[in-house]
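Pasting the structures in now, so scroll down.
Okay, so subunit A shows up in both of these, paired with subunit B first and subunit C after.
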Partner chain A sequence: MSPSVTGIESFHLWNIATAMAVAAPCALVGTLLVARRLSLLGDAIAHAVLPGIVIAVLAGGRPGGWLTMIGAVAAAIVTASIATAVASNSVGVGEDAATGVGFTTMFALGVILVSVAASRVDLDTACVLYGELELSAFDTVPVAGLEIPRGFITGCLLFAGVGLALCLSWKEQVLAAFDPAAARALGLPVAGLSVALLVGTALTTVAGFDAVGGVLVVTMLVAPAAAAELLVSRLHHVAAVAVAIGMAAGAIGYLAAWRLDTGAAGMIAVVLGAVYAVAALVAPEHGILARALGAVALRWRVAREDFLAAAWRAAEGGTATVPRGWAAWPVARWLAAEGAVGWTPTGWRLTPTGRARAETIVRSHRLWEAWLGRNVDLPLDHLHPPAEWVEHHIGSAVRAILAAEVGDSVADPHGRSIPPESPPPAGRAR
Partner chain B sequence: MDGAGGDAMAPVVEFHDVTVAYAGRPVLWHVDLVIRGPALYGIVGPNGAGKSTLLKAALGLVPLAGGRVTFDGGALADSRARVGYVPQRETVDWGFPVNVMDVVLMGTYGRLGWFRRPGRRERDVAGECLRRVGLADLAGRQIGRLSGGQQQRVFLARALAQEAVIYLLDEPMAGVDAGSQELIFGVLDSLRAAGRLVIVVHHDLRSAAGWFDGVALVDMRVVAAGPTAAVLTAENLRRTYAGQPAVLEELARAVAAGGRTP
Partner chain C sequence: MIAALVPYNTLVVAAAVAAVGLAAGMVGALAVLRRRALAGDAAAHGSLAGVATAFLATGRRDLGWLLVGGLVTSLATLAALVAIRRWTRTRDDAAMALVLGVSFGAGVALVTGITARGLPDSAGLEQFLLGHTAGVTAGDAALLAVCALGAAGLVTLGLKELTLVAFDEAFAAAAGWPVGLVDLGLVGLIAVMVVVGLPAAGAVLVTALLVIPPVAARQWTDRVGTMVLLAGLFGTLSALVGVVGSALVPRLPTGPVVVLAAAALAAVSAVAAPGRGWWSRRAAARRALVAWREGDLLASLARGDRPPAGADGALRRALADGLVARGAGGFTLTAAGTARAADLARRREAWARILATAPDDARAFLTVDLPDPAAVIDGARLAEIRSAAERCR
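Entry: the complex of A and B
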């Protein structure tokens, strides 16, 4: 096999196109599933459609054909209804348990049907597990003189259908997903919208089933939207990013599998998992990296503010210097670059701007102690430690409230004077 | 009872012999209540008294075991656009990927109907509603990053954007800071001044006395209803908060279990 992508045989290109065409509608449906916190319903449906597909194939349908689609939708709806009915009749079973048991039972039923009927139908358990993406280019239908793979056509039609349905009912779907009670009060058919989502999930599952198998299709449904939701924060953006992620993962996963000579389905799922992991790492707000950076930034700010406050307190005590440890050195250098401290023969000394910043910190600290001492009946030795970290989080508005409530006392509970409010710093310092 | 009552435009909600049951267990018995607007009207009672259920029953969100509810003398289906509902804040997932403006625009969906997207006019209305609840600066913020009071104000702005005539609010002051509570009550008061009927499920008796024109004290049934000063008497409050009537409790349990009371 040629190692270069340019030397790729055309059937590989068709297989990649099919993977992308199947991934796109899966990602669209998955966006709503994930937004509704129904990811596990996608999982459940992907399992439950199996007996419907097998029965449809036994009845003469072709895998991925219209008859199997109908069989799959019927199986999904029947199982979902049974699960809901069991849960709402409160037989002492939660809906999650009902779903968990119901859908795995359906899947098991499908597996048994496959093995019993293996001699008569074009289905086997390997196909159920992994799909047959690698062979999809060879199952073609003639369209306008071209031999086009069926899987590709199915994926494109589904993408168009699901996309159109979502465009037409987008705001209703969003409202029903976000706030079903308000949606029902407005007269929206919330139950109907849920059934439509169920049908969409079942249809895309069948398409994905052929390509990557009944187990891994769950990843195609859920992972793109789950990753996208970490990266962007409005649902239509989530949908667009999810489709892009799904299609990219389809292509990259297939190519990687081809280069490593392994199964495409598994590799696509692994790529999707990796995309999710990366999204969790780099997500702008709740990402691991963003939080770590935020924590570092906070510690750095606290270190500088503590240095300024220590210098100010030292001056208040009359020594006019601060202790210089090796750990304080980078902090002091940084503050010097900011113009907050200057080096003198006796040590670091606050500049006027540095003094104003320090007074703000100390004022926050002592106002907080004074306020606590007045409003919460605490012994004196309980006041200082919390004020040590609270001082870094008090802004000017809250300081004003505290000052008003302690009635402009000039001293904190330890008897030390509270410095006056400095004018807000002009420009850069924060 | 006729819904007109003098001014033909005045909004009115009528509960006629409404009984509600959850999973076969009655939680509200024979509620007869006529609430006429313009007014700021409180539904007050202890936890588990069925206050929220009363609103949900009016909106058809829970089935009635008996009786009927009318809006301006007609069925709810004929006046959905005139009725704005604010559910309890905890009933939605605030991690949902929408921003503040998206949520407020949802208030205009009923008027827009299917297949039409919110346009310039809807955005203007939503922006104005956000200004009224003091959140004009936060239009682009993800709703999960709001405080509890701000989330409640977003819900109120969404209801305002609906430009309804009758408002039903479920515990809009729950988990809300004092400043937000003051602001929300102020907005509701201005709705009343504009001729609307505002019905609020509320738990705090002190603020109830200050803001509401009328109050219904509810504890599995309506204990008393009418002008606030006449209803909030020591005797009525004792009867409302004395604990649920043992007979109703026993009966509800027996009905749910398909058995018989001792």
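Entry: the complex of A and C
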């Protein structure tokens, strides 16, 4: 397999094109499966279509051809009905166990059929487990004078078909996915949409089956959509991003497998897993990193605001002293750099900017205590903890409402006066 | 005599696989009751990568190390599942499918890579995909049997705790049981059984060894101890059928045969099990219908009406039982029939009172064959309902 000969390079290109063409419809169908929480149905179908495909091949069908697609759809419908029958008829057996019984049995049946009939059909267990993406470029049909791989054509046709069906029924699909009760109430054929999704899953599974094998199809179905859902929120954005991720993973996985001298099926799944992991880490809004950074930023802001408020109360001559010690030191240094506090021989002192910021916080705190004291039946010593938490989270609009409700001139329930609203400092949102 | 016909090694392997089937059924019974069937599937698919990594690390096909590797990645797969649930907004079903597919993909990539390089012994690795007991040596078999019997022993020892947590988690936690620890123990046992079951059923299908025998056993009993034992028995049977089947048909992996044998047992159980099975429920429904029709017939004859339409079967049965006699002016009740009709009227009356005053009790105990209330409702409660009915009047 030396890459120097142009013919061999072109077969690699065709294989990559096939991987991408198969990944696209899988990602589209997978978007709906994930949105409707039917990912495991996708898994079950991907396993369960095997006997249908094998019987169709035994009956003279070609892997990936029309007959195998019909066989796969039949097997998918049979499995879905079996799972429903088992779940609704047997008391004490959970739905998960029922599904587990259904699809393992169908897959086992398929493997036995393949093993027993191996000499007569163009299928073996390796093909069932890994697919044969590497060979897809050699199974071609002439189209307009060009030898085009069948898998590529199947993928493109499926993508066009699934894409068209989705475009025509998008509104209905979205409603059925997010509010099935409303969809039913509006008279939408929710059950019909589910059956259509089942058929779509079975059809794309056949295409994916040839490329990556029966077990890994579920990754091509679910992983792109799961990753896309972390990155964007609206369903048509999810679908578009999922298709892009699926196609990219198909190409990258194939190239990685070629470089590492291993099977493309496994590598495509691994690349999809890596994409998901990266998305989970760095997604702008819901990513693990974004949320961790947000949590750290919040704690840092709370620490600084607590320091300012404590210093203000110390200057008021009340209960609190200016925080000292190693834990307070970085907070004070940071505030000094912001120009909110300054170092004097007796300790940290608030600057005018710092005093304004501190007064805002103390005002929030005491307004909240005053409001709680007036409207909520809590003992006096229970007012401080919620106010200590809330002071960091309310803005000037909420303070204005609170002030109007408690009367601006009053003291807080502990008898201390509420500082006046200071003008918003320049350059700060809060 | 058998020993003369079958090689010693095959016998040892069969015994070990039987032990694996037993333990898998027992552990699986509690996994199914605790709704952890799919966790077993994720662990199973994840084990392949560990088996392949252990092979790469040790450079030979030493079953002990391969299984240790499989156990490590199984647990890592489950940990990834927990992490996704905890830290992302991906929903449970997608997380499961994702973890399962990606971990299996990593295993497949490793196995195909190792096979493509033609490392010595590497052909044996593919046996871990669909199971193949032909390559298991007597020493390997002993290891499998010891692990399996250990897992079975742990289930027996912890049966009370596992049952409590499976059926009433809230009560167990409130009563001070370490629910998290028991759950962790169960998941650990599932992972161990998945890995020990790999040679027999393979990464793709080993979950069936944990799930199908318990589902079959559930049809026969309502008692956890009995279910665990039955699941173990069914697991043993299916595992043995798998060994024999794959020995008889060349190139046939063990896993699918094991699964089909277990599925056949489950199908037979679902149809034939007394009480819960399809046949038995159908028979009960028929009995109830017959009783209902008979009651209808007797009631209308007692009122002096003609037999209701469509009561021919009931009429024939009542004639044969001597409840109804054919008189000159039509059908009349015999003395036995009159007594039966009166009894029926009394029971209808009693249930009508209960329905009016204590509908919840009626909903819980009233069945279509109209039993005597005193036979199904606790005596003290019945007296309570009666006095309530008196007060209403």
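Assume the second predicted complex is superposed on the first by the 328 of 430 C-alpha atoms of A that agree within 3 Å, B and C clash if a C-alpha of one lies under 4 Å from a C-alpha of the other, contacts with A are read in each partner's own complex, and residues count from 1 in each chain.
In this text, a contact is a pair of C-beta atoms (placed from the backbone, for glycine too) under 8 Å apart; a residue touches a chain by one contact, two chains touch by 3 or more.
All values reported here derive from a predicted model rather than from experimental measurement.
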Fit or clash between subunit C and subunit B when superposed on subunit A: clash
Which of subunit B and subunit C A:Met247 touches, first, second, both or neither: neither
Partner chain in contact with A:Leu186 - subunit B first, subunit C second, else both or neither: first
Touched partner set for A:Leu28, first subunit B, second subunit C, both or neither: neither
Partner chain(s) touched by A:Ser39 [first = subunit B, second = subunit C, both, neither]: second
When both partners are placed on the shared chain, which of subunit B and subunit C touches more of subunit A: C
First (subunit B), second (subunit C), both or neither touched by A:Glu229: both
First (subunit B), second (subunit C), both or neither touched by A:Ala177: first
Colliding stretch - subunit C into subunit B, listed as 189-197, 315-323 or 351-359: 351-359
Overlap of the subunit B and subunit C footprints on subunit A, listed as residue numbers: 37, 90, 229
Subunit A-touching residues of subunit C, taken from the complex the two chains share: 32, 35, 37-38, 41, 45, 84, 87-91, 93-98, 100-113, 116-117, 126, 129-130, 204-205, 207-208, 211-212, 214-215, 218-219, 222, 249, 251-253, 255-260, 263, 266, 270, 276, 278
Interfacial residue positions of subunit A with respect to subunit C in the complex: 34, 37-40, 42-43, 86, 89-94, 96-101, 104-105, 107-109, 111-112, 115-116, 118, 125-126, 129-130, 213, 215-216, 218-219, 221-223, 225-226, 229-230, 257, 260-263, 265-270, 272-273, 276, 280, 286, 288, 291
Contact set on subunit A toward subunit B in their complex: 35, 37, 90, 168-169, 171-172, 174-175, 177-179, 181-182, 184-188, 229, 232-235, 237-238, 285
Complex interface listing, subunit B residues touching subunit A: 23, 56, 59-61, 77, 80, 83, 85-87, 91-93, 96-99, 102-103, 106, 109-110, 112, 114-115, 117-118, 142, 145, 158
